[in-house]
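In what follows, chain A forms one complex with chain B and a second complex with chain C.
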Partner chain A sequence: MTFSIPVDLFPLSAAVLASIACALLGNFLVLRRMSLMGDAISHSVLPGLVIAFMIASSRSPLVMFLGAAIAGALTVVLVEVVKRLGRVEPGAAMGVVFSVLFALGVLLIEQSRSSGVDLDASCVLHGQLETLVWWSADAPNSLAGLWSSDTLRAVPRQVWTLLVMAALSLVFVVGFFKEMRIASFDPALATTQGFSAGGMHYALMLFVAGATVAAFEAVGSILVIAMLICPGATARLLTDRLSTQIVWSVAIAIASALLGYFGATMIPGWFDRAPVNAAGTMGVTSGVLLVATIFASPSHGVIARMLRRTAMARTVALEDLLASLYRAREAGEQGVPIDSVPTRVCKRARARGFVERANGSITLTPTGEAEAATLVRRHRLWEHYLVDRAGFAPDHVHAPAEILEHTGLGPETGPETDPHGRIIP
Partner chain B sequence: MTTGIHPALPDPVLAQGLAERPEHSPESPLSIHAMTVAYQRKPVLWDVDYDAPPNKLIAIVGPNGAGKSTLIKACLGLVPRASGLVEFWGQEYKRARSRIGYVPQRESVDWDFPVSALDVVCMGRYRKIGWCRPVSRAHKDAALACLERVGMHEFAKRQISQLSGGQQQRVFLARALAQESDLYVMDEPFAGVDAATERAIVEVLRELKTTGKTVVAVHHDLQTVPEYFDDVILLNMRVVASGPVRDVFTRENLQRTYGGRLTLLSEAAEAMARAASGEMPA
Partner chain C sequence: MNTPPLIASVPAWGEVLDTLLLRASATSTTVVLGTALLGFAAGVIGVFALLRKRALVCDALSHATLPGLCIAFIVGSALGVNGMSMPLLLAGAACTGVLAVLAINAILRHTRLREDAAIGIVLSVFFAAGVVGLSYAQDPNNVSSSAAGLGHFIFGQAAAMRRHEVWMMGGLAITSVLAALLLLKEFAMVCFNDAFARVTGWRVGLIDLMMMALVVLVTVAGLQAVGLVLVIAMLIIPPVAARFWTERLPVLIALAGALGALGGYIGAVLSSLVENQPAGAVIVLTSGGVFLISMLLAPTRGVFAVLRRRWALRLRIAREHLLELACERGTAGSLTQADIQRVAQLRGWSGFTARIVLLSLRSRKEITRTGTTIALTPSGAARGERVRRNHALWERYLVRYADVAPSHVDWSVDQVEHVLSDELIAELETELASVTAGAP
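Here is the complex of A and B:
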């Protein structure tokens, strides 16, 4: 099974657009440490949707949006109220509010079924991506066939809604980039400068509610929650610039949607199984990408940090060897026995031309000598500094200086000798 | 806003504005009149009256919980006032906003945020730039110049979590300079900084004074008050004394500020908070 325009085009567009809208907004949820708020809103809009639907008995996006927006705003207010009056931490307040509201929504759906409302609790969870296929018999089967006015007419309403929502989110995040940045980083300064932090907060919440509503019918709330948090959190690990983070988050969202969609529709086919739920697979994919980034990120990743630590340990071992050879020579010894030095350290020192071996012992080369002198100088200058400036006792300074000498930093000048009377090279 | 505290003055008097009142001068960069502030119905500042003299470096000094930060925040509208009036050069805050620079406490923000030192300083220019407009080259250059004034030029591109505490404080100071204000309100600018940063901050404060600015700063180190500041406000839930350091910064006044004579007042505040929230009396 491969990509087929009638079957795959619209579900895939819906998924990609929903992911983009959520990822754009999610960056700020992650940075404001309120990811759970996205979770809360995307769950608690359910009763708003059902009630709006029951009152207006229409599924028009405008009615739905209104219901959800009211429910979203109510969530934000209720969380504040529960936090204050119930004296619980914010996480608990959000947890209580959204689970109760979501349960209320499920109840309402049950009740409304008798009155002929066709809303389904499971579709709220994982959406109806698969139903967005191009039903018309004359659907084109090649990309060239898409260039006709029929294509525009065939685009399902859900995809239009998501397109509008993704575009609005983009306008919001790009247009108010500066304002969102200051309101997220320093709300007090934002407010004193006339960019009301509270106002920006509610605007963001409104957009999250909007994205949730636009997405829920097509992709369900699972994908919304995953896409609000995972791309932003992943992107944060890849950069230290907010603008770059936002670009990354969109790329990651698109990648999750594409990988998830084809993973759900194609991979099961290779094992003669039925396709699995696409929205669910996309959510899982975004989580997998996050975990992969936690390990593999070049700047913040676990692996990169491990490599940097190893490199540091190697440098320290090498520098310690050079320094001890220098001290041995000072004491009048001709090198140190080769068995007393770890083979790998010795190898690296020889590879860099710092030491040479001769009849069972190793000695410094002229290059190594110069390098070692710098190190010992730094060590002794530190010792002097610690005694002279920091008030350490002379017999307490060797260990701290031993650590400090490897930082590459140190006092520039000092006396002729260190606190122990040894000459500073 | 129902706080359970009655306004200290009838409304018509407050509505009249402070400029016409003889004890408050319109030249004063900051006039506080009968300001009371309460957190969750518990009063933390009582009936504060103060006029800042122009072009002075003014320290706010007092023990923990005296309401020093609250005083600043209430003046800038960051926490609601239960009663009272605050004016800047005889104008209300909204109209004087662009002439006031604010330096919050360093701990009040998330230093892991993905912005560089230069980005943070540029935030000081946002009001001048206006809504929805990007930060232009000229504004970036102005921000860079401010970083240079606090000796942080070479760290412009650094992500802020990679700066030391003192460097972070200097970035905050540079951001305030970028606001090009006439009045600077600073919350503990010297808290937890190294000696080099302390010198840099003092230098900037003096420079601000020579260019005609006024600085009001919460300060915790009593020893340096006479050296760094011209005026002082001694605060402990209310203004114990205020004025030039040589007149006001006396052993006697300090004892009144730190000596715990106001325990009855703070107990009364606790009792009011309990009564207002409907709890049982202790």
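Here is the complex of A and C:
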């Protein structure tokens, strides 16, 4: 991995800053089920940008931001209007609004291109991260050389914009954390607490529009969606706490930016190929991280859930074996024939010293007996509870108790017999 | 500042007419016909995507065709086939499009992420992969054949449509109509009540699959003309627009097809007449215009119609309040300015509203005005009496059957008295036969 300051410093900082700004806000989009609003806004800021650009004929960040903010707000309002007045389903309302606005943007870009304005429809889609190189000839080649006032002057406009946007998003998310949390989970409560959930909604939308615009030049309008949604969604699969989720999402965003950026040059480099589009690899990396998390998340991952399920199934099988042996002994039988028991379950029970085998049948050891007694006790206590307190018929309680017996501990003292008249051990 | 003209050259009317009537050059005729047919097919199929609430899934699908196009091109070129061969590219596009739909379903099934997040993730990540593929394919060191045309799939290039592609679009239009006709019952069942369809033994998964296959077909066919970013608009906008005009599914399908064709037709004509017009964007904007007109002007569901009905109802209620008051005063129905002011204050009317109400009453010949006092005509008095009676009946009903305290009934009755149907009044009268009119 090679890192050259003139070539890589600014694109990389732009990528990281854009990812952070988007990820911070994206958490709330994912939580509030408004991811697609981010999608719609990132498509429809385009005409706002182009019109602002045509009127002011400059790329001054403030003008662009203003244009995009107006377009973003207009999108939110138009989607509402189409949804309410036209009674159109929300997804379709969004689809109609953003595709028409995006088409308008594309048309305007083509028009403005003929009049010599420097905007390009394709950089709208993939950004221009690679153009942010340090153009001046005296760019330093070592990190030590960065400590000079020249560095500040050389930082491109896009990076400043992104820095401001990331800082603003951070202030918004940290400063209004409590309000955003309540407004996201319980808008009605937010209103009774004296701040407007609708206001928070529009504030979030405004910030999303801002972050979209700031990030748009670097990574393009569609890949912004990946930056907005993927880190938050990935973090959502790692934790149940919102504050932890936000920290995770930022970490994931930085990781996708770094891995994606270097992946764009490095991986093709292994095969002697030219670098590919870095914004694209960043989007793909965030997707790869998400897929990895879907499988490997310790709490919500597919693998973890599968393992938990298997462990549970084993416990249940073992406990069912012990309980059936206990009942057999109660009925006066000497053990259970070994071939009526699944070999693996039997092996596990023997390994833990619960059963022993003699003359082709298995019987409980003293430890196994004690274990089985607590289990059967739980089963019969549940049966008693279901009949006594939950109003079940005595002949209907065995099946639910068979499931419930594997969970929870019974009380120390209780009734002597179960509904069927059997003694509770 | 020197503002450049928005449209470089305005075409002459004769030229516009020629293109509209397909008398212009063979190329523009081909393009116009092709996009109109495409618009028709997309509108018909889009109806089901809309009703099944899959609008944005289709958007993810169309964005996800980009990596497929790139992979097909790169693999095709590496194998020595012409990388730009259309069937190869479209097959690749269809593959990743289908993959995207499967990915959305897998995310929904195996994680706790919601549909919105799943669609956004799949759309953006697949598109990112496409962007990477595009930058790889466009580097001449990587792929021997030229990938110059690949980028056109993003925003479309309708002008490149050839004669045989028009036949293809025609085939697509016929397929979509046939599918809509043959599978109408199945599709309608799944769209409107999939749970019922499932318990009555329909293979919902299979029907969904067929629906999705048709969407993929239309999307892939539309890639070249309108581009993958905007193909969603051709699928969704015509059905949403048509939905304003009708409540019946067969009519909806026909209308959506017609509006789609119209959007494609006008859009293609416009873009072929003016230079530098990306056809896809113009077609989408034309459909957007059709949508706007439908939303505002449709006779029953349109915004203006809804507002007009709402205003008419409010005006009627206001009129009835005034007539009711006049009758209640028992002075054989005459009102002074002070009375009207009191009602206005009570109901929160502005002076303007009060004047409108009076004007409306006079135009309906329910009041006459002599000097400053206002008198009810016989028809006005009859109506006032009827409203009063409705009020009393409903009040009685609430007190007697709905256990509302007599001191609490008046306000809610004020809202209901205006909307009681004649049948309901008759029923109340027999129900409360023992009761004569008057306050409880």
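Here, the second predicted complex is superposed on the first by the 416 of 425 C-alpha atoms of A that agree within 3 Å, B and C clash if a C-alpha of one lies under 4 Å from a C-alpha of the other, contacts with A are read in each partner's own complex, and residues count from 1 in each chain.
By our rule, a contact is a pair of C-beta atoms (placed from the backbone, for glycine too) under 8 Å apart; a residue touches a chain by one contact, two chains touch by 3 or more.
Worth saying up front: this structure is predicted, and the values here are computed from it rather than measured.
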Original post:
Sharing chain A, do chain B and chain C clash or fit in the superposition?
Top reply: clash
Original post:
Between chain B (first) and chain C (second), which does A:Thr413 come into contact with in this model arrangement: first, second, both, or neither?
Top reply: neither
**OP:** With the two complexes superposed on chain A, say which partner A:Lys178 touches: chain B (first), chain C (second), both, or neither.
**Re:** first
Original post:
So, A:Gln245: does it touch chain B (first), chain C (second), both, or neither?
Top reply: first
Original post:
What is the contact status of A:Thr343 with respect to chain B (first) and chain C (second): first, second, both, or neither?
Top reply: neither
Subject >> Superposition-derived comparison: chain B or chain C, residues of chain A touched >> reply: C
Original post:
Is A:Leu189 contacted by the first partner chain B, the second partner chain C, both or neither?
Top reply: first
**OP:** Considering only the touch criterion stated at the top, classify A:Arg236 as touching first (chain B), second (chain C), both, or neither.
**Re:** both
**OP:** Report for A:Gly280: first if it touches chain B alone, second if chain C alone, otherwise both or neither.
**Re:** second
Subject >> Location of chain C clashes with chain B - one stretch out of 76-84, 148-156, 202-210 or 346-354 >> reply: 346-354
Subject >> Footprint overlap on chain A, where chain B in one structure and chain C in the other make contact >> reply: 33, 236
Subject >> Complex contacts: residues of chain C adjacent to chain A >> reply: 1, 4-8, 50, 53-56, 59, 63, 107, 110-114, 116-117, 119-121, 123-125, 127-136, 139, 141-142, 151, 154-155, 229-230, 232-233, 236-237, 240, 243-244, 275-278, 280-282, 284-285, 287-288, 291, 295, 301, 303, 306
**OP:** State the interface residues of chain A toward chain C in the complex, per the touch definition above.
**Re:** 30, 33-36, 38-39, 43, 57, 82, 85-89, 91-96, 99-100, 102-104, 106-107, 110-116, 121-122, 125-126, 220, 222-226, 228-230, 232-233, 236-237, 264, 268, 273-274, 276-277, 279-284, 286-287, 290, 294, 300, 302
**OP:** Write out the stretch or stretches of chain B touching chain A in their complex.
**Re:** 73, 76-78, 97, 100, 102, 104, 108-110, 113-116, 119-120, 123, 126-127, 129, 131-135, 159, 175, 179
**OP:** Under the touch definition given earlier, write down the residues of chain A that touch chain B in their complex.
**Re:** 31, 33, 175-179, 181-182, 184-186, 188-195, 236, 239-242, 245
